[in-house]
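Here come two complexes built around chain A, the first alongside chain B, the second alongside chain C.
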Partner chain A sequence: MTKEEIIKVIKKNILENLEEIDENEIDINKSMKDYGANSLDIIEVVSCSMRELKIKIPRTELAEINTIGQLADKFLEHAE
Partner chain B sequence: MKQIGIEKINIYGCSLYMSQNDLAIARNKDPEKVVKDYLIDSRSLNPAYEDMVTMGVNAAHPILSEQDKEEIGLFVVGTEGSLDFGKPITTNIHEALGLPPNVRNFEIKHACYSGAAALDTAINWIASGLNDNKKALIIASDFSRKHFNKDHEFVLGGVAAALIISDTPEVIEYELGKKGCWTTNVYDTFRPTAFAEVGNNEVSLYSYLDALEGSYLDYVKNTGKIDFDSYFRSNIYHTPFPGMAFQAHRVLCNLSRPRKKSEIIESFQEKNLPSLRYAQRVGSTYSASNFVCLCGLIKSDNDLKAGDRVGFFSYGSGAIGEFYSGIILPQAREIIDSMKIDEALDARRRVSVEEYEEIETIRERYTENPNFTPDFSVLDNWYDKHYRGNKLLVLKEVKDYIRKYDWS
Partner chain C sequence: MKNALSFSLADFFFNDSPDVLSPPSDFEEWMNDPRTQECFGFFEQQLLSAPKSSTEILSNLEGKPKKVINLTSYNYLGLSFHPEVIQAAIEGLQKYGLGASGAPLLSGTLDLHAKFARMLADFKQKEDCILFSSGLAGNLGIMQGILRKGDLLVLDEKCHKSVIDGGTLSGARMQFFDHNDTEHLAQILDKNKDKRILVAVDGVYSMDGDLPNLPEIVKICDLFPDVRIYIDEAHSTLIFGANGRGVAEYFGLEDKIGISFGTLSKSFGGVGGFVCSNAKIIRYLKGYASSYSFSCASSPPVVAGLIKALEIATRDSTLRDKLWENTHYFKKNLQDLKLDLGNTESQVIPIIIGSSGELLFEMARDVQKKGLFLLPIDFPAVPATSRRFRISVSSQLTKDEIDKACNIIEDSIAKRLKKK
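Let's turn to the complex of A and B:
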């Protein structure tokens, strides 16, 4: 699995869970909060992405992550 | 094996409430999204002449007959909002309720898990056979601190629950030994001073879900292989805010069998949503959460019947999760109906955002204050309209830190 593939899945879930965002607008150096996500939106995106990517990570490891790119890096560390 | 569980139960959702819609508008948030995400319609509030002691007493007083009082041998309060670092509020409550002197009592803490911990202590005490045919009184009583203009201002509230635990249960029988726990050291939400209630929202939500998964897997290990969908008739999850229950249900649904969100929503509506009836009206339920949701489930779910199994998840920041289960008993609905919980919530006074800010500011000013007399004229003499003559406990004064209570 590549980082690009992971980012694609995360972006898909952001689009499904947040309103009025265009895929091209999403900058992986930003936080989901910059696109109006609240805490519940974030855990929803993270949970759906982990399930889709078949990745299992203790969720508390994800709490310090600030950007979408950092989330993808963390997923990549745990990807098969 | 003995049958042990809840013989009587009641909740007290304070005497005031504020609409989430009003708060969302005042804070420039989309009211529809706030209500949809958090599933809170309103939050409880109290005038400054109520505190964790009065809330606990006002929950317990309606369920205790004079005979019940004589039969209580253990009394435990679970709270994260105690009023003293040494003296437990069980002593204040013990006096106000007129319990006999030979009652072992203490207060326990593990954030919102404290109510379930108190329950577990009572169950084990009765199961041990060392209870000398006595019953246990359990109270969970908690209230939010002041958080103006913060993101988590939408997930605050307060409520107390009181339960009589005995070997003649009538509401629910707990399945002894069918439980699992999971713990870790994390600073997710905590109260380092009498004023502060701090933390990180995402850390807390992630930690909650880890604890849910960990404690559920431990439950399964102790219980044997089960099919999540058919084993539990209903599921009750800790509700820091009711909307969290959906996230919790989704985790357990997917753990047993990955499925589409639409299927999870359907399952959530059937198995969990009825339990949120009262949580949606009081806001954050803290240590009383599992009890508030049990009352909601029994009151709302007309198809629930004796013999149905309910799965419970309790979470305490810090953190711990416990998953346990119980079986609904034939008298459950009748007992919940007799408490008239809806009527009590309907009788609360609605306050505006301005009034909410005013009473929360006054309450904070009283915190750690050695001498004060609460103003009983606040909110257009609400005391005269709602309290006077209705046998509710109120805080009369604090003098040299000593708190004096009396009936209204």
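Let's turn to the complex of A and C:
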């Protein structure tokens, strides 16, 4: 799995879970919060993406993550 | 499971097993891991007697009854076992029986319920009051009853789960502002001028014991004529303010609170929830809060006991004064031990340990073995970087009990933190 593939999955879930947002708008150096996500939305996006990518990372390990890109890096570490 | 301790309940929400009555397969594996079991052993330990400041539990650690000093029950004023409350509940039970046998809108409203709701409205100096059979039901009911799809619920990120669940049920959009960050709040309000907005804060935040920055929050909300404020005074009613009306009274801002929630399970010593506001919205709420209209009215002996509890707590300030005396004494002793108590300003006192779950549970075992009922609070209930213990101070604690408790806390917690 590549980082690009992971980002694609995360972006897809952002689009599914957040209102009024365009795919081209999403900058991976930003936080989902910048696009109006609340903490429940973020949990939803993260969980759906992990499910789809078939990885499982304890939420405690995700506490320090700030941007979409960092999230993708973390996923990549755990992907086979 | 190789790293059972890094997982938490936050990690098993989604369930891929085809049978809805089977939990996720890795959940079972996690649950059955001895390390997980050890942590869960602290949950659902049975109390063998009333939640008094000294009581007895069936200790899961030792597998037998154990006498403990109780720092966990939120029986802040000890009203659940006050002799006058018990007597009133007995009389209520004898006169009305155990159940109300009806939803409040139909046959469930007894004269007791009407009397108590009136007393609570007068106490909170609001026009009217609606009773619920639990605090959680009250919060679900308010949010679902007054907010609609398209509305915006703006909450402090540390608001209680019942408020969030109420928001979800209502279909309103939710935006969280960083804890007590009024600039962030202002930004959100500014961006959403076209929406109907309710701003939600707690009177005392339940995991931290700190207060909302109400003066600033009110100032900001005042800039927006239609923004209304909701306050959850679950842990502050009967405790804060010159008359015990809560944190809004304490700050002198009661007239700025649109809708005020309280629970009857904490300082009141019973069970139930109540919401006070203007008479028109309460009447409307009764029609649309499902947890009110589609649920049986609360148990008559409980309401009879609660009427007495309110009388006792407001006829003078004895219990409240004692609670504050105990809180100050306890806090001073804990500060002398150089423990991190966060920003507590109330009878809810956290002892923040940090990010190590192992250390938290090691301390928790030791604390309980030494005779203290003080439970660990772990992620996701609190951030993974600030796992903690949480003390609920009670007016019933004696100086001797507090001293003994502090000695155990010093041995089991403070000394381990120093070693680190």
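The rule we apply is simple: the second predicted complex is superposed on the first by the 80 of 80 C-alpha atoms of A that agree within 3 Å, B and C clash if a C-alpha of one lies under 4 Å from a C-alpha of the other, contacts with A are read in each partner's own complex, and residues count from 1 in each chain.
Following the convention adopted for this analysis, contacts are C-beta pairs under 8 Å (C-beta built on N, C-alpha and C of every residue); 3 or more make two chains touch, one makes a residue touch a chain.
Remember, predicted model here, so these are calculated numbers, not experimental data.
When the two complexes are overlaid on their common chain A, residue A:Asn24 makes contact with neither chain B nor chain C. Contacts of A:Arg59 after superposition: both chain B and chain C are touched. Shared contact residues of chain A, touching chain B in one structure and chain C in the other: 38-40, 43, 47-48, 51, 58-60, 63. Interface of chain A with chain B (complex): residues 38-44, 47-48, 51, 58-60, 62-63. Within the complex, the chain C residues that touch chain A are 3, 6-8, 10-11, 13-14, 16, 26, 157, 164, 168, 174-176, 379-380, 383-385. Contact residues on chain A toward chain C in their complex (touch as defined above): 36, 38-40, 43, 47-48, 51, 56, 58-61, 63. Against chain A, in their complex, chain B makes its touches with residues 37-38, 151, 184, 186, 200-203, 205-207, 209-210, 243-244, 247, 250-251, 254, 258, 261.
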